[in-house]
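Since the structure comes first, as structure tokens, the remarks are kept for the end.
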Amino acid sequence: MASLIPTPWLITAGGAVLLAATAAFGGLQTVPPKPVPVVSVGEQYSGSDLEMTVQGVELRAKGGNAASFPDKAKHEKVLAVIVDVVNTFDKPRLASGTGTPSPAVDGIHVDGIDEKPLIAYADGSSGSVWLQPDVPVRLVLSWVVGPDELHDGDEVRLTLPDSTHSVGTNVQRGVDIWDEVVVGATVTTTVQEIPASDEDAS
Amino acid sequence: MTIPTPAVAEAPEPQTPSPRQPGWWRTNRLALIALLVLIPAIGIGVGWNEWYSYYGYGARKVTAVEVPDKGTVKVAGAEWGPIRSGEIKDTSTLNMPEGTRLLAAIVPVTPDGKAVSCEPPMLVQQSTGREWTPMRSEVGIPYSYDENDTCVSDLADEKDPESAQPFSLTVGFVVPDDVTGPFWLDVDPRGDGRFVRFSIDP
Amino acid sequence: MKKVLPWLLTLVLLAGAWVLNAVALPDGSSEASFLTPATVGHAATARNLTLTVTNVRAARSIAGPTGKTLESTWVVVDVDAEALDSQYGATLGFAELTVGERTFRATERIESFFRARLVPGVPRSGAVAFELPSDALKGTGTLRLGIPSDARYDGLVELRVDLGDIPVEDAITLPATDWTRS
């Protein structure tokens, strides 16, 4: 009995539609990845529902208001990145994120350092940093570095994170999740060394 | 077309009772017995599993081990008691609100070898089950190295984990005036579902 | 009639499904907190908690017990609270202010009544502060206070505040957390 559904015709038609659709989107070739935007110090970048503005990178002999503590005996120093952050999401969030790479403020990464920074309020307030919606706050991200890893005037490249927000549906039902972390932007600047005597005076 | 001859009615057979179909209960008896066994079994199995996941692993107080008056008891690798308790009547130097009493208790603990750890003791009103936890700084009692409100690990020899030294739990509770005894002082050592229960009436 | 019956049944079922969809509660409603409404000056009781909001004010800077000051837009809520049956785990662990689309959490940048220990039968007093963006002091805010930091299935006290109405002061010093003295 002859087939009532013209299967060969359907397959050909489907194939034609598929090719037409891919042609509309640029063809079957791989699209070259978009270049990562470059942001300068003092310029704001929006990623992971956060507006981040890197204000400076310092190399400190003593931690000051940073959360990292250098070992004096080993002549360690503290690399501090000062950043102004605004949480543009409508619920309060921790500035630190889980996992590496982190989607949150501690996802700001320095080329050459693998660890996540510690986050502290720039004005010395204690406690974990919660970012309230639309409230700007100045934070200090810090890493402990060895005595000869960085010097005054060295160039450093920072990467700022971007991620996608979703609401958990299964085990994490109702929880706000930011994942698929990618490098959102890069910042290149020079390190400014703060001599120990200046820190004591401030 | 001819009208077919109607069939000749046969002489009715002698009435014998047609063999009865077995009843619903009889045909399904195996399934019913299985249900009778399996439903309670599932209930007990799931119930026990839930109970154990919450109360098992020695994480919570389950069984009270009552301590005889002025006596001691051995639980979770230590000897607890004898308890001394009373009301601290002179609170003029302390920060106590009106309409409250400060009840205190001291429990000597003698570990068998290894150090014990425990939750801070709780004061439970026997008649109502209301419970209070220790307070110290809130009433203005300064910190003291020898007065602990939770079990400490004080080793006579730092390298020998079996050399735990005896110590005392010193706890104070702020209770409203209208809360009258008798009370229980419960101490829950870690690792065992059993906990130590002293009966006091300060 | 027999021909019409299946169609009639279809219509009834479709209508039923539409009604059900319209009245169904949003996802997660089974976990929602039990809210006890409260007004300023009157005690409200939620699970293991009796709480009275005594005052709601706003300020452009707040100061803590150590003298540290923080400048921003603040809403300061004065609270008296006591636990009911158990002191175990009884701290003021939940403090949120929802204004329009945004939700704010009590600040921990300065010492306050947030996370203070609560005693059964013996009230303690203090204040919690919320840091808001500078344009947020308008509209109705919903304040929720309670014991558990994760408030699913648990009880909370809820208070509505007209943020445009509350007095805005230059500076407020947060009272130290202490026993309630009348």
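In this document, chain identifiers A, B and C correspond to the written order of the chains, with residue numbering beginning at 1 in each.
Simple rule for what comes next: a residue touches a chain if its C-beta (ideal position, glycine included) is under 8 Å from a C-beta of that chain, and two chains touch if they have at least 3 such contacts.
Remember, it's a predicted structure, so these values are computed and weren't measured experimentally.
Fewest steps needed to get from subunit A to subunit B, stepping only to touching chains, is 2. Put simply, the chain nearest the middle, going by average C-alpha positions, is C. The distance from the centre of subunit A to the centre of subunit B, each centre being the mean of the chain's C-alpha atoms, comes to 46 Å.
Note on chain placement: the centre of subunit A and the centre of subunit C lie 32 Å apart, centres being C-alpha means. The multi-chain contact residues of subunit C, meaning those touching 2 or more other chains, do not exist; every residue touches at most one other chain.
Contacts from subunit C toward subunit A in the complex involve residues 27-28, 31, 68, 70, 72, 101-105, 107-110, 130-133, 136.
Across the interface of their complex, subunit C is touched by residues 95-100, 122, 128-133, 135, 138, 174-176, 178-179 of subunit B. Note for the complex: subunit C touches subunit B at residues 84-88, 117, 119-123, 178-181. Across the interface of their complex, subunit C is touched by residues 90-92, 121, 123-128, 130, 132-135, 173-174 of subunit A.
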